[in-house]
């Protein structure tokens, strides 16, 4: 690219957008899959999978070859200096989000960062400031709450927005996993507060809270919460180590609309593998969802005659459903990984249109504030914490 | 009663109707439960549980005391002679149905007979002739296809009759049990053609076929069928004995409307306990049902916008649903046994109103003709059998 | 009865036990059904349905006739004076429980009282004192947490007691109904704190909490809770009236074992009719239950090879299952009402054996203490409340 | 490639395998997706997506660009002449299968052909002869019954092979769709016997029958069947046109083992989108499956104590499950399209190992014989047809 007008502005799209991705573990694999396939299903701006960045030169080179990236690199800073890179997709661990994202935005790269936005509220705030400044220069950013792109949840949001469930009274949101159910399962960086920030709270409650905000288009005013670690010591490489993050978390959230949401998340819910369960109860109807059956949406229309009311299983696989016209004929279900394909599609489309994609960092920050309030309440024996809404906050709003 | 006007006419209802029941095994227990409770929930003509009849004097006396019958007796013929008996409920084994029912009808007693109507077509025809003659004298009769009184199935029939599923194209009916899955399960009279007539065919395919006719209000024109016995020898009291009835049966039925029904029944469907599954596919919608969840009806309305179509689980427990206003508040499910409570209620109500209850013996005979055709086809290597509809047949019609 | 030895001791069982029931509304109808049928299915001490008590002479007489009671009466005090009454079943509203129960116990009558034990903690304590004193004289008492007698939940308790789920980590208990979802649904005594004590909390959270204690055999040490009324004014007979009880309640309970339970109950969960949902997550397995499918128990055995692990739907309808040998062959499901039949059976059996039935009033009081703590915490913005366990408390233990 | 030894033998693998695909409609899109992604998840021989073949030059060029093919072409014969093409994947309509496949095999190309193998039995036999001859020269071939690669069904086959369900007694196989439920849905080549061969029979009963053979490792000895067209005239481009294929089909199959399978397929089963339902009932257990929830397998182990038996929902998403170690962490479900990814993986692995992949054309022919027998029986009013097993037949056997 030769025609950059000024530092920190996006490049002119006279050539395919160049994409760099940082990180090649679980999320890197999932995002790569999305980049590799998005253009085979959706009309998106032309782009190239330029470079995959990781610390181990050999491993990152192998991953790049396997996942469809033209090159690999070990220094993310040098990648940010490249003129042929327009987009940076950050799949590195949470403690690196702020540093990389802010640098990338300042370098004029559009940024997609995995959720949660950051490990701490301070980092999230700094990132949001950087994103706001960059946005003014036409540099876009987005936080990767990929479950907004589950077609069934996008449909749920449509139904709620169209008043099909009426005024929402309460929401039940749970995210249940069991990969720590075995008390002998070993210590990892994910169980250390230094590296992970928090446990189930940041990892999966963040998704549950984001869904509440996304589905209802609402914001949180008060929080009461609790955290608990059932297994406090786990085998480490050199003997027993202390687990310093939560295994499970509970909260009730007061929403600005007057609705109340309960949140319950766990990594020790034996038998629940990846079950994000959402229930939205309104005056006119109800929405049910479970991520383990992500192609289905439960819906009850309470305005129908009582005689024929019932929870309906909508197989969200019709061309009329969000994102689905790109895929297969009806009834041919899609997998979890395509939440990322849809995310990349929406991210690229927004960049192509010169618009700000959603969820913005502000929305990631809103989730982060709730997470912090849960921690604060938990430390205060569940006493209710008021959330001060930042003045001029970008309202929580989805695609 | 002193004022009987002529032999074989029903008694004048100047006193509670006197009820006699014959048989006190499984069906006797279930019917007794219905007689004991029906008046506590429904407004029915006043009656008394007069006498329970069985072969073993001691056992029948104990059963009478336990199940709420005032007296017991061992000779059903003597009971038919009693003036204080107005109703005879026949729960004896199938091979006794014809003899008792015809005698009772000739004695002017209203008759309820368990399904299937009889063990043979000839018996069923004789019973139907007797019922027709008795009906002309005001003596009523009914065959106990109790599943017509499952509220969910009564609702299904309403929805179909109201054209909510449109023209029906095909029906899938299965009745799966597993009480013979163990090849070492012993020989019983139910596995002997002499005593049982047939196996799964008469016992449970009869229910499945009756439901097809009941739900659609249709009749059968052609049958192709198959029977099979997986375990042909079972341990008897004095060594191995031959099983002479079917373990499972399959059939396709052509219906007068142009619809096609498949029937599949089994007593060796491991893990299926009492699963009568019904699926009715029409131009406008679909009905699903499973007896193991008998308080629920599945319904899909294909006239709804595609985006929100889906199978709906109607919890058939609302006051608006058939029979349910008599029971508990919504969501408090009822048990299998109340299919009989509803049956007795409808039977008594019809008698009180001087009307013919449904299903009439003609309807039992219609099922019997299909069963016979399945046997005939099975013996002819599944070749299709035409059913001749009797001229002037009472159309198959439900409550 | 002529031979009463001393005031306040139970009568000698030289004749059938005489039963009086107070109240003939929803619970009166349900209990009557149980009394009318229990002896037809179970071997219990001989008893007679002597007298039904209610305020309106005409209505109670009609109810007595319909539900199988020999007589009716309008003054419960006079009934307590009758020597032929041995058992008093209290189905009157909660504000009458304490007065009637204490008087009955003092009169030497065995007492069954509907749940929750009382409207206030003070009443519950007084009742428990009375029960303790009476028990010493051989006079028994029981509180009617009927869901302990759902066969599936009795099985769940067995499996947990047999260590099949291992050490329990957390429990999710919800009781969701929707009969108040319509904001125009009228005011009733149940929505007035004076008469009802509380709303969803006392009515249905009491069941959820009792199940946690019953299933785990555990006790509560700390509570954080919240109450909310979504519709604060409803149409009364003479214009709008204030709703003074909760529509919904949330709580987290710390248990003595170290487990944590979440409780969520609602009367405005649109589409949920009577859904008591229980999930028990242990180190070795998991239990799932939903009252709308009360014949089923979900069970996951995490000690099985991973390849074949999964939630299992046990159709709790086998002779091997609790209470089920009395009923029908496998797969013939029973209804909600038989939770009471089983309750009466266990109550009568204990009386016959001269033993104290469970749940004792102490167990009802334990639930009441939790309810009170939820209210206290809710009033203190969800701050955690410590529960002081009474010294010498009867441990929470089930049948 | 320079070193071809003789005509009709496979090329030496001194360079990446060159792949050509013929057809770019639904199946072409699905197969392309598999080729594009297989190497990102599985270790397979190195290959290149060389050329996509279609009739319309412009459209096929666009499809090639979109789906990851280096070039496009319009003449499949010329592609067969290319030395750099080693593999031909035939996704063209059924009437072209025989001609292309035989030519490709004769040209020494490994061939994957979509199911069903052919439109007629004669074509299928010729193809099988060609495949057998080619196999002797080291040229491999496979028919694309992709559902063999659903992980849940691969697991089902394992469990059956390990005797976990015991001797199988009966199988219920249904494949229900509804894309023709609307009687006004227009005429297409798929509804014309000339072009499509048959309707639901060849299209979806072929899958159901293949699964019976695959899961049980069994063969068919006798068939009784029925075909029906519910909507016989549909709107064509120039007015009404006759539908000359079946909308639905029914059959019972006798298997060599003594088991009996029922088959029922439909394109007018309103509300059923893509529901291949399989139920395998054995002496020791049962398997259940539904393609609309393809990440789940139902399993009942009848050797467990009765008290705890129940249908188990295995979420087939563990590393221990077939194909799953390549994908995401547990509980992150995969989509329908990866049945093809697994198919291509197994096909490539077999080629790399110089082994014959399964299902071989012989297995496709076995299905075809059953389809032909269903048609023959249907034409003979469901009379039973004997199947002669070809001498020296390759036994039906899976991966």
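So that you can tell them apart, the chains are marked A, B, C and D in the order they are listed, and the count of residues begins at 1 in each.
Definition applied: a residue touches a chain if its C-beta (ideal position, glycine included) is under 8 Å from a C-beta of that chain, and two chains touch if they have at least 3 such contacts.
Protein names from UniProt, one per chain: A, B, C, D = Putative oxidoreductase.
Just so it is clear, the structure is predicted and the values come from calculations on it, not from any experiment.
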item: Interface with more contacting C-beta pairs, comparing A-B to B-C; value: B-C
item: Far-end chain from chain A (Putative oxidoreductase), centres as C-alpha averages; value: B
item: Whole-Å separation of chain centres (CA-atom averages), chain B (Putative oxidoreductase) against chain D (Putative oxidoreductase); value: 43
item: Separation of mean Cα positions, chain B (Putative oxidoreductase) and chain A (Putative oxidoreductase) [Å, integer]; value: 56
item: Interchain centroid distance [CA atoms averaged], chain B (Putative oxidoreductase)/chain C (Putative oxidoreductase), Å; value: 37
item: Where chain D (Putative oxidoreductase) touches two or more other chains at once, by residue number; value: 272, 309-311, 315
item: Residues of chain A (Putative oxidoreductase) defined as touching chain B (Putative oxidoreductase) within the complex; value: 155, 159, 297, 299, 301, 305-315, 318, 320-321
item: Chain C (Putative oxidoreductase) - residues contacting chain B (Putative oxidoreductase), complex; value: 26, 30, 32-33, 36-37, 39-40, 66-68, 177, 179, 272-275, 291-295, 315, 317, 328-338
item: Of chain C (Putative oxidoreductase), residues touching chain A (Putative oxidoreductase) in the complex; value: 165, 169-170, 172, 174, 181, 183, 224, 226, 228, 230, 247-248, 250, 252, 258, 260, 262, 264, 266, 268-272, 279, 281-286, 300, 302, 309-311, 377, 381-384
